[in-house]
Structures are given as structure tokens and as C-alpha cells.
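Each of the next two complexes has subunit A plus one other chain: subunit B in the first, subunit C in the second.
Then we have the complex of A and B:
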């Protein structure tokens, strides 16, 4: 017991925060990418144009079936060799890989939410002469958010934790910096405990937007 | 010319033939009740009139717009999307289960389509929404959300929402059957008012009292065909077909509803008289 060295956490704090910052950057950008791509995929899946449905279903099938780490390696080694993507930095490749993977899950979550809206809402909108574009935006999507938020947020917690696989392409985010620090100080228990607590704080903080959104989109009774 | 012209209307779902050749016309200002047993195709027929259901045969024309037409080779041609939307602007529909937008207040429900579809400026749409809500006896409920309203109140908001588009034709599909029986009267009273204002109405209903009192004509439909149609009094009191007789016999065993309407009228009529002439945007309220 007595040979623990907790002050090592304090001495490493600045570097741990550097890693945390990169973790949050990876998370934020890949979340935005996954959400936008997921929304597009969900709308494609519900389109009346069958090639769009086919592409969307294929995307979800592929990226749900591949480990996120493999997708990440593809983004790192393959995507950067593609003609238009040579400008990708390793960090951007990480964001891309994580986002592309998470988009498959977001697509399914958003689709389930959109499908949960009573078909009568589509019919009432159609009967009033609204365009599909208009009523999806004003009638269907706002009602689906209530259903989407809880699963969307727990999936986002998974994404936040999944950023740690970016170690595998050499990114020094929170897990990466912690491993480097523990290698140099020989204090893995203290440092990984600190990292675990930081992850726990971050994932707990995600409850705040969740509660806000749930309140914002609750039906008034 | 008739406002609605339906001829040879057929609709099947897969192998099930639901409508097997339906012909009818609706004159301007006419109120038609559609009655018939459960599963006979009443809802399907009504939904074909605004193309919520795509017919598999026949021709539908509403207000001189051809919505669909069967070609000589049996294939169907439909009006294009924009033309269908344009036609729907003039065809109000009220559903059995209200289908109000639950995330919007009563006023927001009513103004959404006029603003989005007809580009009515928001202040104007809002003023009109308040008038319409007042006309259906809900002037004080504009800021309520659907879930804060009773079924009868929700359905009246739904009627106001449809009227806000200034339709020339209103479709009603069993609009009282999802509400408590004691709340049906307030909805029926609003519909009766609307009929008196000259609105053209197609009303699928199980309320024989309404059919008898308000409808100009009654269509009796069974197994996807119109079995009998004619003036309400004839069809309801002297049906000429056995099936009509059997059907009426079965439903008239239930309590008549005139009493309910009168009762509801007691409480409501004041509200309604605030602006009765506004219903249907028709200024001659006598």
C-alpha cells in the first residue's frame, strides 16, 4: 500500500489534460460527422428511391460488421492514399474513422426514431398539402427526437470511450498519454486510475445535454 | 358541374379487392353521409378522394382537377406530386384519431399549413386561427397542447386546422368514434354548423342521427360497392335493399344521438355563436 505514489498524477496533470483535450476533439468531431452522416443515411433508408435505400442499408451492414479499430486502420492507411484525401492528418484520419463507424449506429437510431412517429402524422401533413421536405423538418423530426435522445446519448458514450482505440494509429489522446506516462514513471495503477476517473467524469457530463434535450422535446401534458 | 366526380373507382391491397367499382358525384354544398358495415371500404373510399390511397382503377376528379384516371389499357395515370398537393390544399380531411401535431399548441397546429403551403403571413394566419378556434368553441384553448385537451376538443382543433386552408371540400372519417360518447355531440354540432354554412362534406359515420338530420344524401356501401344511395330520408327510413335494411336494423338498436347533440348544444352554442359566420370562410351565415 505504502509504495503507491499518488502525487505522480499531479506531476503528470498537464500531459493528462493534453490527452483529454485530444480525446474530446476526436469525440466532438466524430460525433458531428456521425450524426450528420447518420441522418442522411436514415433519410436515404426511408426514401422512395430504391438505390438510395440500398446504399444506406449496405453502409450500415458494412460498418456495423467491421470492428471500429479496423475501420480506423483503413482511415489511417488507406483513406490517406486516396487522391482527394492526402491532406488528412493522422488526427483527422482518426476522426474520420471513428465518425464513419459511429454513423452506422446513428443511422439506425435515427431511423428507429423517425419510424416511431405515428403514420397518422405523415397523413395529416400530406392531407394539408405540405411537401415531404417541410413536414419531415417541422412535424416528423421534432417528434422523433424524444425517442432518439436516450439511445443516441448512450451510443455517444460508447463513441467517447471508443476514441481510446485511436492509440492504435499512434494518436496520443488520453489513453495514449497515460500509457506513455506509465511506461516512463512505472506507475500504471495510479495513472490509469486517474485516466479512468477522467473518462468517468466526461461520460457523466454527457447526462447534462441528455436531460436538457429530454426536457426540451418532452410532450406537454 | 359536380365538385367531386368519382367513376369506376377500384382499389385493391395485394390480392384483396377493397373497392370494386364505385361511382358517385358530390354537388357543391352537398353533405353526403357514407354508411356501411365495418370493413366495407368506407375509409378506403374517402382516402382515395385526396389520394392518400392510390386507386388501382377508375377516375377521380375534384373541383375540375383530374387526380387520377384509368387509361384504355387499364394502367393508371396520376396527377404529378405538385398537382396533388395543390388539390389537397382545397380538400380538408379530419381523421378518426385526430392526428394533431402533439408538439404544437392548438394555434400552432392551425397555422402550420396556411403559412407553409399558402404563404399566409404569420400574424394573419394566427388571427384567423383564433377566429376558427373560437368558432369551434375553443377560443380559450389556443395555447393548449393536444395532450392537454379532451378527445372532443382535439377533434374540434383538427376541424379548425382543416378549415384554416379554406377548403372547398371536407372529408370526415368517423370523427367521433375515438372520443367518449358524451363528447361526440360537440363535434357533431360543429359539423352541423359547417353544413349549414354551405360546406361540401363527405362524412363517413356510424352516427345515424347525424346522417338523418344533416346529410342531403346517404351512400350505403357494402363489400366495396355502393349498394344504395339517395336522399337521407329515403335510404334511412325506406331502404330498398335487404343489406341496407339489415345494416340499419343492426345499428339503430343503439341509442339515437339527437339527444346528445341537443345536450352538448346547450353548453356550446354560446361559444359557437361568437363568430358562426366565419366557419368555412363563408360570410352568409343565415
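Then we have the complex of A and C:
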């Protein structure tokens, strides 16, 4: 027997959109955090000061080696006890956990991009009398962006999907609200299908900026 | 941080390691079989096969694993379509189903790009030698593609190991759930979660070592 009740999705729509809003907020803030932290880690890894290299390599090893769920548990239960972080709300803890975890991946992506630039470019810049800071900003970084963009964007799609793990620390983002709605309406098939469609739309939409950026930074020959 | 509490927690959490390991192993075996079939369908000359495999990849790589897991656990029992009248899965089974589908979707891409990366001249030469497609895929193309597949395959497998932690949310008693039970009794969050992190880190580091060894084994000997 088949007794669908698709209108339940319509009746739950406002709450689903509330959840989607939180999903997008978690995504946006943790993406910014991960990108900044990832950039710092990548530059530390390539620095000539060995303790900086060591810290950066250790950070990447640890956060790529443990599940994002475990990082979120840390952010939720432990981070507030750390000095200066007592103001952390559960949502901010979620953003922190997701951002700290994703930074390890962003660092590797940025480092790989910077390394992919032909070393001859460094040598030529030095031969022209540019300082390291100057030629990194003007010569190396602009060329590496072309290599970084595709992996950076597909990694960001993974981050969007990883925000769903925040349900494990009690946040009611899209996955969390869907679970609650399905418990209260006894309509899991319809509601989880609706959530899946919303996620598919979001991840498919992220392909648009990816293609735009790839075109923007493509070699003009 | 009280290190005694960390050490004390390790054997207690380790009891869940066998569940974590068997979730990973089941999903890796079932998922790899699925991935191989999907990759061959994607490369097939029959259009519906190609569409099916492409659609499968788009769908299951586009939604979070957790939605898949909740669907398998909460929604499958209510799913009535035609002959299927609700599938009730144990938590462990639901987790294996979701993790296998996830693995199939991601590893299919790895296998497909590994096969594509083999020089097309190899296929042409095999045909010139009168080999059938099934035969040269098995004897010529796949063995060469495997070398390209190993690094991304292993790193997906490592991600899979970490993703098994989500099975906690459908009450599978793996390492993360045991940790949550521990700290919800004694509120020693910091030490218990640190112990859990150490165990995961040890397991994933083993994966990295395996990856390096297999890469060396399959390297071209010239």
C-alpha cells in the first residue's frame, strides 16, 4: 500500500527553511574561518622557521586524522573551558569545530597550489630584485590560484555537507530540524526526501561559482 | 588535563574499536564492489547504464552521509512502494547500507579516473593483438589503472573510517558512542574526548602507513 503525504513537506516548509538558514550560516562562517586559518597554516608550513613548520604539520596530521564529529564534540564540550572562550554559544562552537577541522584540508590545498608554481618564477623574481613578500603577492599567489580554485571549491562542497554533523551536538540545522519533524509527524520518508532535495540543490548551486571562478582564473592564451 | 583519566578511558573506548573496524570493513568491501560496477557502467557504450551511474554519483555525492544514514534508519521502515513494504534495519545494518552507498559513489569516481588515465594506446594495441574487450580490461587496463587508483582510494577509505563515527547517531555502539556514554556519566569531557581522538588518530595513521607501503609495492619497477 502506498499512502504518501507529500503536503507534510509544505506544512513543514517554514521550519525546513529555518534549518537551511542555520546550515548556510554554519557553512559561511566555518568556510571563512577555515580559509584564513588554512592560509596561515600553509604559509607556516613553507616558512624557514622550523618550529612553525612543525606546528603546522602537526595540526594537519591531527585534524585530518580525527573525525569532524570528534572535533565538534571538543568544540562543544571543551572549548568553553579554554581561556577567553567562555562566551562561546553552541552555534558558535559548531562554527569553530567545523572551521578548525576544514582548515587542515584548506592548508594542504593552498600549500599544494603554491608549490605547483614553477620554481623558476621564484628565481626570476629574485633576479629582478623583488623581495620575497613582494613576489609572493605579485607573482606566486596569482599563478597558484588557478591550481587552488577547483580543489578548494570541491572541498567547500564537502564542508557544506559536513555541517550536517552539527546535529550530533544538538544544533537544529537542516538535518536536525528534519529529524525532529520526522519524529513529530511520523513522516520520515517524505521529510528526509525533502531534506535530500534541498541539500542537492545547495551542492549543485555551489558548482556555479566554481565554474565562474575557474573561467575567471583560466589562462588567457 | 588529567592524564590518568585519559589512559583509563582508552581500554573502555577501545571496546568499540571492533565495531568501528567492522563497519569500515563491510562498507569498504560492499562499496568497492558497487563502485567497480558503477565505474564500468559509466564507461560502457550503453547509454542507460552511463546515465544511471552518473545519476547515482550526482545524487549520493550531493547529499550528506548523515541524511543517507537517517533515511536508512528512520525512513526505510516506512517506505512502501510496490512490492517493498517497509524495510526494518538494525542500527548496524542501516549504517552499513548508508556507508556502502557513500563508498560506492566516491570510489566509483576513483576507479573511473584510474581506468581513463591509462594510455588509450594500450587499449588499441590490445585490440590490434586480437584480444576481446573483457580480456584486455582485466589483463591490461585495470592492472595499470590500479597504480593510479591507490592514493585516492586509500584516502577515501580513511575518510570512511572517520565517517563511521556518525553511526553513533543511529545508536551503533562504536567508539564515539561509548565515549559519549562515558562522559555523560562522569562529565570528564576533556579527558574522554582526548582519549577518543588519540584512538582515531592511531587508526588513521595506520592507514597512512598502509598507503605508503602499497604505493611502494605498486610503483613501476624500471
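As a convention for this text, the second predicted complex is superposed on the first by the 219 of 221 C-alpha atoms of A that agree within 3 Å, B and C clash if a C-alpha of one lies under 4 Å from a C-alpha of the other, contacts with A are read in each partner's own complex, and residues count from 1 in each chain.
Methods note: a contact is a pair of C-beta atoms (placed from the backbone, for glycine too) under 8 Å apart; a residue touches a chain by one contact, two chains touch by 3 or more.
For clarity, every value in this text was computed on a predicted model and none was experimentally measured.
*Asks:* Overlay done on subunit A, so just call it for subunit B and subunit C: clash or fit.
*Replies:* fit
*Asks:* Return first, second, both or neither, reflecting whether A:130 touches subunit B, subunit C, both chains, or no partner chain.
*Replies:* First partner only.
*Asks:* I'd like to know which partner A:162 touches here: subunit B for first, subunit C for second, both or neither.
*Replies:* Second partner only, subunit C.
*Asks:* Counting residues of subunit A in contact, which comes out ahead: subunit B or subunit C?
*Replies:* C
*Asks:* Contact-wise, after the overlay, does A:120 reach subunit B, subunit C, both or neither (first, second, both, neither)?
*Replies:* Only subunit B is touched by A:120; subunit C is not.
*Asks:* Under the stated touch criterion, which partner chain does A:67 make contact with: subunit B (first), subunit C (second), both, or neither?
*Replies:* In the superposition, A:67 touches subunit C alone.
*Asks:* Just how close are subunit B and subunit C at their nearest CA atoms in the overlay, in Å?
*Replies:* In this superposition, no C-alpha atom of subunit B lies closer than 25 Å to one of subunit C.
*Asks:* Could you please specify the touching residues of subunit A with respect to subunit C in the complex?
*Replies:* Residues 1-3, 61-62, 64-70, 73-74, 77-78, 81, 161-165, 167-168, 175, 178-179, 182, 186-189, 192-193, 195-196, 199-200, 203-204 of subunit A touch subunit C in their complex.
*Asks:* Going by the contact rule at the top, pick out the subunit C residues touching subunit A in the complex.
*Replies:* 58-59, 61-67, 70-71, 74-75, 78-82, 85, 162-163, 165-166, 168-169, 176, 179-180, 183, 189-190, 193, 196-197, 200-201, 204-205
*Asks:* Per the contact definition, I'd like the list of subunit B residues that touch subunit A in the complex.
*Replies:* Answer in residue numbers: 50, 52, 85-86, 88-89, 91-93, 95, 97, 99-103, 112-113, 116-117, 145, 147-148, 158, 161-162, 165.
*Asks:* So in the complex, the part of subunit A that touches subunit B is made up of which residues?
*Replies:* 118, 120-121, 123-124, 126-131, 134, 138-139, 142-143, 217, 219-221
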